[in-house]
Structure formats: structure tokens, C-alpha cells
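Pasting a structure below so you can have a look.
Per-chain numbering from 1; labels A, B, C and D assigned in written order.
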């Protein structure tokens, strides 16, 4: 497998950005594999993701951050991140009782389709320990009560640090994380909300959808912010429903769209194809 | 073309409804063409649409209402309506400036695909008079100001009565009708709202969608009630969008989903396939 | 959980079918839960599925077949089947190497979403034995060579009989069953084909799709007949692709639509909502 | 409105293409508005579309072709085309009897949504002359018989030349053009086929779809080549159908997907976002 460098950039729109970046890579003998860019004219902001093969590249990986910063990023006022495909991100999964999203992620992981490590699963219930055991992944049951949320969060954070977690997936976790927790993983906590946001934010969206009589239900994969269900949206999808559907059948049908949307959002994150700007995402090709 | 009778029913759920209704039709020598039924167990309510060929039917059309009422509907506490396919409904179209929904309806009408009469088009602007002229349909321009809404509504109502209008389609009319107007056409005014309700109710939904950073936009065809954008939903659909989209491109892409959703909602209404119960619709097959 | 009776019928179109069937159920004190019917006017054929609560029903389950046959089915020339919801069907899964469809089925099964027993999994490869072990389901590896297909099929049939299998799901099994095998399970073997049939029947559909430059790929869940990839279609779906996709990315994206389509087809079969007539399916509501 | 230059390129994959092209534009003071590129690794071929503002650009439009050819295209073995947004393409529409695609195109045109001129409509039937009159577009009725196809084509070609037609849209024209005709407009004749190709190529696809019992029908917008229904696909879409659908209802439902797919394909062509390579299309963002 190729070792590649991936740069994600945003900066004020200006002439010569693509030329400068691609020239930098070419001059140092890098072979560009993917390049996708976007200009937001209303915001006068430029966004780009470029990935190139490091085989034969003239700058050593450990010097790349500084070299690019000085040569390109600083002069062009770029906000940017550098990743290497050789860095496999470590993903924690938080769950409650529903298994569909967890199974979908673990089935992909098990088939080698998610380029990720899953060092642990954390839950406030025991229900899914058996699933974790099936896949030989450590499972931590931290029971939540009205009073112990701070202690549970402290332990969750400790575990995430101990297991060197890079990002967290809330796979129908059904609990709200504190602002302090969120602040530790900015744009690195992915939640699946079981409605097409902003419709039916909050609890019991399928009850609300049934009550309103909508003709489609959906799911939204988004980064978690301190504003509940209002974080940057990564992926959304819907399915058609009808008057035949009960709340129970909506819950059941919704599972399919939830798990697909969450897995696609997680895949985009793992592939370093997401970029957040002003509470919205760019999803690169 | 066949002359058929169409009955739409709802009543308390109870044994024998389908048997009683179908037996009534069979006994009088009616040939059932379509039958669709639904039971809402939470509401303990039964819904049915049945359509049969009147050729050879033993009860004269003008006696059918009373005969069925006495024999079946009253004993089973039915709320029901009777229509004949020979009654071509008369549809008024209200528009403002955008032509896409109007053209889509008129193109279908012109091709003989909508079994409807369109006696008039009413607008608060002159822009689409030319479109009405293309299809030889009377166009009434009633200019709206801050102060003349009651007079304009009075004239709209007078025109609808004069032209014997059965139902009204708000084809991006962009004005709110008064509760009094709505009350004259209960479940007989169809609006297209340019979002997947309940998300982005109210004005400028594409601006709101762009601002929120959603990954899909939609449209909702619904019956108008006095509660703005909260009436019974007939049809909804969405299309995928991306970070490349501007407010302007959302407006443009949205037109396609708006016109398709509205035309499908209008088609369902014309075919007498809709039934409203407690602010939700049953859409029969 | 309710014990219900489910009848699926087709017969020549004629007056009084719905009335006769529903009257039969009502007269014997049965409460109809679901009823869906369809008339194919070109074929002059009537189709119906009706499900009713057996609680308080006046005919004993073991007498129902004969009573309905004499009273209704024979006079109306019905081809029909009777099932009871208390009969949990037993499903064998045949796999080769790809795990996505198997995991999707087993995750649903494990969550109690599929009302089915899965007594065994059969494969021509060892790859997925580990998955079967995760879910504690017996796994039989029957290695296929050029020469031993008859022996392998004999053993497959023996196992299916021993384990009292009602129907078989080919979850990307990638092998063709003999006509003799198919004849043992008519309309009871479900295959997932990785294209929107009839496009790209046969081997390597993603290669063919890539070569043709289509803009969408799909999957087809169908009953297996002796005519390869030509059996009655139960369910189909597609996803959009683009020029960016390689054969490899089509294979990967295709997995998502394959597993969803197969699971929906299996669900419809388990719920006794499918009916085959002249190589086409009726899928009841 | 901005005057922009649009370049579409394909060439052997090699280092420095993006850098060279973007540097060329920047050096001559061009502001890049859109850039999208794609590398086909299997074909080792690079594709790019770049659009920039000509305001302040240092090279005069009439010298741009030669300057870019010598500086960039020849050294990099590019096959490329140059367009200016100020060149409004001239589109002929060929129709037979069905009005839905024609109305959809003309409604968009009339609303100013298609940046195109429509100098004439050609048909082998008189049916749609009235539609052309509604929009004040010259309509030429050239009646086709078994024997006069060469003469009719000669007259069609003469008209297209006289009216300076750049490309042709077959909006359900239902006739096969000769190879000689096609050769005059390579990748400049767009057809809508009423199936998801390659399924149901040829005549009567809805009859074939109904007969096969598929659960979705579709439409394909493609460039016409001498190989019937096998040209490069620009756009495809599908809609769900069911056992309730007759051939007639498929024809009716299919109209909606046909007109949407054709209009999107035409829009992509007008925006110079299509590029054909080896019978497949790149559709740029």
C-alpha cells in the first residue's frame, strides 16, 4: 500500500493557490493522486484537499509540516492540517442498547473496509457486551445515574486517553456529552441523529415524525458541538414512508438509514475527506 | 372511458367493514376495480377507498348516496364521501412570479394527463400572464398591497365561485391565505412548500438550508390549514446537495423537486386517492 | 404475540372474491388485521393476502385448510397457501467469501428483527466460518471442485433436509445451483445479484458496469429459477456513481446496496408478503 | 455577467499538469473560478476542466487557442477544447409526438434557466407544432416514410446548417439517425432513452420492463453514436414501481424521469461540463 501525504487547507480566496500548492509538490518530486478544491464566493474562502504519493518525495515526512508552513501556508494565511495515510486513526465507539450501528461498523471493520483501529467500546448498558466479545474488542460498561455523570465522563476521558483514541463515534449512544468533553475532541466526535436535521431535533424523533405525518424519515451524521443536534452535518439520507407506518415500524426502518449514514460519515472522516468551516462541512471527493 | 363510483371512508375499527362494503357492491351487481384499506390500530380507526364500475350497477347514481348511507354508513358510523369519475374536478391555480410549477402542471394538463378542468389562473403579479395565454386559460391579475388583502381575497373568492372551482393549487403563490379563505376550501387547497417540512417552515427555506449546511433539500406538498406550513402532508421528496451549492443553486435545483412533488400531490387529489384524518393523510394505492 | 393466519391467493378475476373471503373470516369470528389485494386486468387475474387474528376464531387451525378449500377456494378456482405466524420459518444461508450480506442478516437476526430460525450456514470456502462462530450457528464447509458438484449438492440437500430448512438465501454464494436443486425449493431460494437486472446478468457485473460507463449501479433480490439471473424479482435498488469510481470502488459501494436489497427481500419472504405468478412477484403491503 | 474561458483537457497522466495549467492562467492574470480534475489510473489518463474570469486576463481571447496550444497543450500531449461563456450554444430539438420532454426544456428555456438559443424544432409529426408556436420557435414538419429517410435527413442537415446549430437534442424523437448524420455532430447529439441502459435497449422498453417484472424503471441521457443505445452515458436515474403498474402507468411514470434526466444531461452539455473519452463520460463538478 502506498504511503501518502494528505493536506486539507482553507484560506482567504486569492490568486495562485492551486498553482502554488501543486508546484510545491511537483518541485519536490511528489506525484499528486487526488486533488479537490472548492471556493465559497460568498465567504471569499478557498478550500482544498490534495493527496500525493510520498515515494520519492524530496522532503522527509517529519520536515513536511514546517517546510510547507513556511513556504506556502504562512504566506497564504492558510489554516491547514497534514496527515499521512500510514497513520491509522484510532476510533472509540460509544453505544447504549441498539446494536444496528455497532454491527454495521464492526462488520466493515472486520472485513478490512475501514482503515481504522477500534481499541475499545464504551457503553452505559451491558446489552452490547456480547457484540464486542464477538469481535474481541474491549468493552467498558460505565453505568450512568442521575448523579454520576461527571465521574462517568472523567472515566470515559481517561479510557480514551489510555487507549490513545483519535476520534469517537456515538453509535446511537443516546446520551449528551458535556461541553468540556466535546471541547477535548473538536470535530472529532461523530454522532448519528435519527432524523433529517434540523427537523425533529431532540428526543424521540420517530414519535415526532409519526405525529406530524411526514412522508419520509431520515438520519443525519454530524460532528458534535456543545449545541445539541446543531453541529456540522457530514451526511444525510432519507427513506420514503407511508400512512401504514407506525412509530414502531419507523424505528425499525430508520435503523437501516441510520447505520448507512453513520458508516458513510465515519468513512469520510477516516479518509480525511471532511473539513469544517463555520459549522458547515466540506466533503471532498 | 368507464364511469366509476369512488367511496372514501373512515370509521371506528370494527369487524365486518370490508365484508359489508364489498357485499353491498356485489349484491347490486357492481364490479370492484380498486380496493385499498388501512387500519390505524393506535387510533382504532379504519380507512378504505373502493372504486367500482357503474356499468350494470343496480342502484342509480343519484340514489347511491342515500342508499349506502342507510344500509352501511350510518350503522357503521362512517365518515365518507362519494365521487363519480364522470365529475371532472375544476382546479384554480394561484401563482406569483415563478413559472416552473405552473408550466409543469399545464404541460401535463395539455397532454391530457390530468383529468381536470383549469378554468382560471389568479396571480398577484403580471409576470405569468404570458404563460396563461400560451395555454388559453383566463388569467386574473389582482395586485396585492399592504392594505388591500381583504378586498383581493373577496375578489379571489368571487372568481372561484363564478368559475365553479372545486379545489385550489398554490403553485408557489408565496402569499398566506386568511383562515376565512381556508375554511371555504377545507382540504381542498394544495400548497407546495420549498423544504422538507417540518424543517425550514416559513420564509426563505433555501437560505436557511444553506446556512444550516444540510446535505439534502426537499419540497412538501400539503393541504393548507390555518396553521402555516403545518397542514396535512400529501407528498414529500428530497434531492442531494453539497458544499458546492450556493443559495442560488439551491433555488434552482429546488425547482425540480418542487414541481415534481406538487404535480404528484395534485394528481393524488384529482384521482380521489387522498383522505385527511387528524391533520395527517392516507394516500390510497 | 398474536397468533395469526395468513392466506395468499390468486385466482381468475371474478365478482365477489373480497366479499366472500372477508365474509368467511367474519362469520367465523376472525378479526382481519391486514388485507391487500391486486387485480391484473391484462391477465384477468386476482391476487390477495389477508391476515387475521386466530384468537376466538371459530375454526380450529388444523381444520382451516380443508374448510376454506371447500367453502371458498375450490368454487373460486383459487391457487392459495395458508400459513400461521406461529410457524417460524427455517432459513439456510449459503455463502462464499464475502461477509457483508451474511453480517447484515445475522445482525438483524441477533437483534430479533428477523422472525426466523437459522439452523445452518453452508459454504464452499472456509473464510466465513469465524463469522458463523461469532453467532453460534453451525457452519458446513463443502469444498467445490470441477468434479464434485453433484456430491456437494447431494450433501447440501441432505443437510437442508436434516435441519428442516424451509427456504435458502444465497448471500453472495457465487455458485449456480442445478435445476434439480432449484426444483426442490421452488420460489424458496432467494439470490442477491449484484446489478440492476436485466442489466449485467452473469459474472462480473461491476466490471461490465464500469466498462459501459453507467451512472448508477444496483442490486436485485430474486427467486432462483433454472434460468440464471432470470427468476422473479422481489426487490431492487440502485446508487449513484460517477467517473471517479473504479471497479474496486464499485465493488465496495455495491456491497451496501446488495446487503440492503437482500435483507429487504428476505424480510418480505419471511413475512409471507411475496407471491409469484408467471415469473413476476406481487409484494403485498 | 462574467465572460469566462473554459478549457477541457485530457492527456497522458504525468507530473505537473495541474501546476502547469494553473500557473499559465495565474501568470497571465486570470482568476480561476472552477477547477475539477480526475485521473483514471487504469487508463493512465488525466482529465481536467478549468474555468477562469477573462476580466484582466493578459491574453486576448482570439490568441488564447494558439498560445495555450504552444505553451502547454502540445508539450503535454493534450486533447483539449476551449470555449467562452459568451458563446451561447445553439440547440436544435428533434421530437415526434410526446410533449413532456419538449415542454420541460422549453419551460426552462423560457424562464432563462438554460443558457442556450433554440433556433428550431424539427419533427416527423405535426402534433407538437402547437407547442412550438406557444414559444414562438420555428417548427419544421418533415414527414418520414419508408422510402424518404435520406431526403429527410438531407433536409434536416440543411436546416441545422442554415440555423447554425451547435448541438441537437432528441427529445423522444423515436427515429434512428444515420451514421453519416451522427458523424456530423460527434458527441453533440443527446438522446433520452426510456430505460436504465444497458437494460432494455431498443424499442418498447416499458413493455419489456413490465414483462420482466422489474421493481424500478429508469431513463438514460446519452450521446448518440452509430451503435444504437450504446453511446456515452451522461445521466441516469430510476424510480420505484410495483406490481400495480401496467405498461400504461409505466409509460406515464417514466415521462417524469425521462424529462428530468434529459434536462440534466442537456444542462451539463450547455455548461461544458461533459467530456467523452473511450465511449464514457467525465461529468465535471
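One rule holds for everything that comes next: a residue touches a chain if its C-beta (ideal position, glycine included) is under 8 Å from a C-beta of that chain, and two chains touch if they have at least 3 such contacts.
The chain list, named the UniProt way, goes like this: A, B, C, D = Formyltetrahydrofolate deformylase.
Remember, it's a predicted structure, so these values are computed and weren't measured experimentally.
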- request: Based on which chains touch which, give the shortest step count from chain A to chain C.
  value: 1
Message: Between B-D and C-D, which chain pair shares more contacting C-beta pairs?
response: C-D
- line: Outermost chain relative to chain C, judged by CA means, is D
- request: Take the average of all CA coordinates in chain C, do the same for chain D, and state the distance between these two points in whole angstrom.
  value: 41
- request: Would you kindly tell me how far, in whole Å, the mean C-alpha position of chain D lies from that of chain B?
  value: 36
Task: Enumerate the residues of chain A that touch no fewer than two other chains.
output: 244, 285
Query: Taking the complex as given, what residues does chain D use to touch chain B?
result: 99-100, 103-104, 107-108, 110-111, 113, 131, 134-135, 244, 252, 255-256, 260, 285
Statement: chain D contacts chain C in the complex at 38, 40-42, 47, 196-200, 212-216, 218, 232-238, 242-244, 246-247, 279-283
Message: Per the contact definition, I'd like the list of chain D residues that touch chain A in the complex.
response: 15-16, 18-19, 22-23, 25-26, 31-37, 39, 285
